[in-house]
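Just below is one structure, and these are the notes that go with it.
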Amino acid sequence: MSGPILLDRLKAQFGDKITGANLEAIDPWIEVAPEGLVEVCQYLKTQDDLQFNFLNCITAVDYFEPDPKKAAKVEWKPHIELVYHLSSTVKKHTLVLKVILPRWKDDVPGQLPEVPSVTSVWKTANWHEREVYDLSGVRFIGHPDLRRILCPEDWVGHPLRKDYEMPLEYHGIRGR
Amino acid sequence: MLPGVQVGQPVAHRLAYLWRAPAWGRPLLVERSSWDRCRRGLSIEGNDVVEFFEATLNWPSWLAWTAVALIQCFLLINLVAGGALFFIWLERKVAGRIQDRLGPTRVGGKFGWLQTLADGIKLLAKEDIVPKEADPFLFRMAPYVSFTASFCGWLALPFADNWVGQRLNVAVFFIVAIVGLEVFGVILAGYASGSKWSLFGAMREAAQVVSYEVPLGLCIVVPVMIAGSMDLVTIGNKQAGYFTNWFIFHDPAAFVVFWVYFTCAVASVNRAPFDLAEAESELVAGFHTEYSGLRWSFFFMAEYGSMLLVSALAAILFFGGWHGPFPIISQGLVPALAAMTGASVDSPVLVYLANLAGCANLIFKAVIGVTVMMWVRWTLPRLRIDQVLTTCLKYCVPLAALCFLAEVWFQLYPHTNPMPLNRLQWGAPRASIEVREGWLPLSPVSPDDVQEAQLTHSQEHRG
Amino acid sequence: MATRLEDPRVVEFDVRTDEMLVNMGPQHPSTHGVLRLVLRTDGEVVSEVQPHIGYLHRCAEKIGENLTPRQWIPYTDRMDYLAGMNMNLGWSLTVEKLLRYELPEKARHLRVIICELGRIASHLVGMGAYGLDLGTFSPFLYAFREREKILDLFEEACGARLTYSYICPGGATADLPKGWLQKCEKFLDEFAPVIDEYHALLTTNAIFIKRTAGIGILPAEMAIDYGCSGPVLRGSGVDFDLRRDGEPRYTSMYDGYAFEVVVQKDGHYPRDHKYPPVPKEAVLGDCWHRFYVRMLEVVQSMDLVRQGIEFYSRSKGDWGTPIKLNQKLPKGEAYLETEAPRGQMGFYIVSDGSSIPWRVRARSSSFCNLSVVSELCRGCLIADVPAIVGSLDIVMGEIDR
Amino acid sequence: MIGAVIDWSAFLFYLFAAVACGFALAVVLSNHIVHMAFYLTLALGATAGLFLLTGSQFVGAMQFMIYVGGTLVLLVFGVMLTAQHRFVSIRTRAGEWITAAVLGGALLMLLGYVAWAVPDWHAAPPAHVPPEQVESTSRLGLALTGVRMDGGSGYALPFVIVSVHLLVVLIGAGYLARARVRVSDAAARKEMP
Amino acid sequence: MTPWLGPITVSHYLTVGAVLFVAGVVCMAVKRNALGVLMGVELVLNGANVNFVAFGSPLLRSTSLGIDGQLLALFVIVLAAAEAAVALAIALNFYNNFATIDVDRADELKG
């Protein structure tokens, strides 16, 4: 199913929960509002002609420029983009979903942004979401077991954030 | 005139007697009540070495006995320890060759002869660690329990006709019982280590060895039944002559039961594919996870000692023991050499030589058994614990029981035995019917036959 | 007992013994690196397995945000260090996708040859180590004997035996040396009969079948749901292989190659007639099938290498020119998955227009394959845990990145 | 005098007797259940040695096999199944100790007196015993099947009774400690005692 | 004649048997661990066995019991094994129900 048709269909189904799209990109993507994410995913997975039964990857990209000089030049506002790469083992097609989140919930630094978890749709989302939570600092609402996965449980900070700084010390080990 | 051969006995029997060497030991002439009781409590035969010390060196009796006991202990412990040295080297060589590599090559020359010794020195130098969670007393005792159990079995194992540390009339039973005791050390080690993996190893070992003792016991009954005795010296001597007289070729039941015995023996000494107590891919190192240095090596010596012990037992029970495949290799040496040198067939030197050859035969057979165990270990994957128990209960026990019943059948109706090779009794004297200890004649025979049989029987008993 | 064990609801048996928490790893002979599995056991029965990962976490993605794509190639080597070539390929293709770079014909065939050899080498380790997990040591060394020959070939091509950094965006760092193809063919000829040895020692070995058949059954739906890929997915009977079903940028690499996806269809594997039969006890999706798929993929890869050698020697032109070390990247983002030996290896690159990517992401196959382990191990025996984990054939470097 | 003559027969007896009695006492005095099992093994092993000394080789081997190899392994198995750390040592109260010591001492004195009361029991043993009389294994086997060479009655009936008893015990023990499957449902878990 | 210097007689064995027996009885009395009690029973049975075997040995007494002594000892050993199996099963069951193996806490009459 080619991009524009699918986009129209999703728009017809979910209305303003589909907040944007870029069909000219190398991997065309559709932007979904956080509140509609689970519904859209469920729809994409269960529709007979779509059958996106395979969640390849969840990635968080932190758009933030810590260097103030460079920050003045960038055209985007600081935000976090969640990228969901989906594919279907039956129909053999792929799709990219994006969710745009603020860097901090309610713009309070330290408050992790929240997004509904898609674990109920694909079980593999469990570990991917844990990894995103661990490294990029996004809280997934409804996740059954949201713990750090790669870093130790007592680690401070989320390393893949652009403003992350390595701690000076961790249990007596010099950090930097 | 040879002792035990009477005038009027058939010539064939008199000739046949030549094939069987007179025993190295003969009953003591002098009765000394206390020694005698002690000896008869533990052993049937007298001891020529004691006789030598007493008669030639004029040592008091107690000193002679003490000296003999010490010599025997020395020889046996060297056999077990030296055997462990050799077998660890052999295992590494065999494993290497099986795996398309060389194995040890450096220490001690081209073949790495001294590799084990080097490893032993390394083990001696290792720090002796007792974990904090361990039960220190039992942790320290466990390797010795294992090693002692493995070593004790050697006391009753004959190396040649009457060359035995302590001749017991229940030697087979004794050895099997003792081999089963090794498990106790392993269980203690597993429990006392205070490690969960060790505990798993110990539990598995307990379940496994206790269940494998059942088929093992059933298996050894078959050769015991053929020989009509539990005395290993008697069992070995009944297989004198050509290899066709070996019990494995006696009848189909014995042939099958050997394989069951071998499987069970591998399981009861904890070798792959039954080495669940130390399964390294599951339990780290099982019961000896927490052991290091010399204590650890004691477990290994026990393991290799037991391997050699069960192999030697298999050799005696099924493969003729100290009798070579042809009489000339072992006991047949005596008349051959006597004919060549003109010495008497009764000459102690010749008998000694024959026994030495027999000893070499037995050890050779046992080494082959151990090598096969190594071959199996480096070829097969490991079974799972429930599969190990299934193998025991579903296959080994019924098979052994079936062989047991079949053997009873062949004993009752020997003419149905489809392995006729054995009935020829090449190179070994046999009465047409044997009166065995505790066995009654089952078919009507002529009085002459019985008399003759009793004659043979009494000869056997004298040596 | 065995039938009851298959009931997923059964977690424990009386006699009442207290449950025990056991750490399998991070230092343990069967965990394929520094993986820690926390087992909740009741006697020998495992009621729960909780994998703990991250012991090998080296922040490769964060490092990628500070290096140019070519500089990051050595880091991909260290992800699946048993199949470094395939990791190089995945990243190179992703960068090429972002650059919209068209590869010369010869480079394409070169990559097929190298990557399929890499797949063979990787599967050999997987096979040998699986034997090790089940307690047999010899197949491991037999596998390494052959793997060494492949590494010799790689060494001749790129100078390294483990971390190659050979394939790079734009082609490869060098052409194959003279006489390499002949050596490669010689290796294939020698290798073909050896596979029968592996089948004799493992695939058809009665104990091996007992240990693997019917153990750790992964149904197809669950495999897809957990994002399993590669032999793990195909072992469950899902007919999906990115070399055939992937993006055109990747599948075009295999244009003109004849191969069949190794998966059981209608109870038959494509090469059923030539290879050992599937034992009666084996259930689709169990450890045995995962192992078998790998074994057949080795043969499949050998075919592909042979075809690649022919195409390569016929094709003209050069082997491609590596991009500049500080090549400017166009603004945009690209995601590409390739079929690595352990499954679908995906790389994601986001660029803001400079020569250093804004964000780099690696989606590793072992990561998803491992996540299913707690489902597979529920109610199995302790001895089955290494059997199941081994059949997933994970590499911790790839999981922890 | 020890320097002059060591009577090995007596020496071995005293050795085994000391080990047996010493470790039997250790079993009583120890509070650690696994240590107790270990001491019991040694005591029973030494008893097997005593059996061998009296010429009862079959019984001695039997003791090794069934008692030490079987029963005790079973016992340790049971200990490991049931003993967590807090249950490993259950202390005995001092009052119990005193009562037990007094009663045990009295019993021991009584039994000791009885052991030496009959002169015939500590008369000098026979100087010469024919080997056939010592070698008893085959006679034991025959007696168990009901055949007696020396005119006594056979043991076929007791043997059968014991066999049936063993079978019943086997089934009974299996039934008592049978595997009951517990299911992971929380509700099912609550119903368990 | 002092017992230490003379030949070993039946009385010596009976003494050993008595010690084992008494140790077993005391063990049964004082141990509160069910398995400890079981060990006491084993000791008692062994004390009895020593007596049987001593009386049956032709080496110790010319008018001995003969093989009857050994046969009785055999029966005792076999029955002790059976008894241990049952007792162990009971102990395990007991442990299942009470989560302890302290026999003093088994005074309530419920399953």
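Just so it is clear, A, B, C, D and E label the chains in written order, and each chain counts residues from 1 on its own.
Here is the rule we use: a contact is a pair of C-beta atoms (placed from the backbone, for glycine too) under 8 Å apart; a residue touches a chain by one contact, two chains touch by 3 or more.
Values in this document were obtained by computation on a predicted structure and should not be read as measured data.
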Legend entry - Chain located farthest away, centre of chain E as origin (C-alpha): A
Legend entry - Chain whose Cα centroid lies nearest the overall Cα centroid: B
Legend entry - Chain centre separation in whole Å, for chain C relative to chain A (CA means): 26
Legend entry - Centroid spacing, where centroids are CA-atom means, of chain C and chain D in whole angstrom: 59
Inset, instruction - With chain centres taken as the means of their Cα atoms, state the distance from chain B to chain C in Å. - result: 50
Inset, instruction - Report the inter-chain centroid distance for chain A and chain D in whole angstrom, where each centroid is the mean of the CA atoms. - result: 71
Inset, instruction - For chain A, jot down the residues that touch at least 2 other chains. - result: none
Inset, instruction - Identify all positions of chain B at which a residue touches two or more other chains, and write them in rising order. - result: 33-34, 37, 40-41, 203
Inset, instruction - Going through chain D residue by residue, note those that touch at least 2 other chains and give them in order. - result: 9-10, 54-55, 58, 62, 70, 74, 77, 81, 125, 129, 134, 139, 177
Inset, instruction - Using the touch rule from the top, collect the residues of chain D that touch chain E in their complex. - result: 9-10, 13, 17, 20-21, 24-25, 27-28, 33, 36-37, 40, 43-44, 47, 50-51, 54-56, 58-59, 62-63, 66-67, 70-71, 74-75, 77-79, 81-83, 87, 90, 92, 96-97, 99-101, 103-104, 107-108, 111-112, 114-116, 120-126, 129, 133-134, 136, 139-140, 143-144, 150, 152, 155, 158, 162, 165-166, 169-170, 172-174, 176-177, 193
Legend entry - For the chain B and chain C complex, residues of the former touching the latter: 95, 98-101, 196-197, 200, 203-204, 272-273, 275-276, 279-284, 378-387
Inset, instruction - Can you check the complex and tell me which residues of chain C touch chain A? - result: 53-54, 57, 59, 61-62, 97-98, 100, 222, 224-227, 233, 238, 240, 245, 247, 332-335, 337, 344, 346, 348, 350, 352, 358-359, 361, 363, 367-368, 371, 400-401
Inset, instruction - Note which residues of chain A are touching chain C in the complex, please. - result: 25-27, 53-57, 59, 61-62, 74, 83, 85, 89, 92, 94, 96, 122-124, 126-128, 131, 135, 148-152, 159-160
Inset, instruction - Please give the residue numbers of chain D that touch chain B in the complex, ascending. - result: 5-10, 12, 32, 34-35, 38, 41, 52-55, 57-58, 60-62, 64-65, 68-70, 72-74, 76-77, 80, 125, 127-129, 131, 134-135, 137-139, 141-142
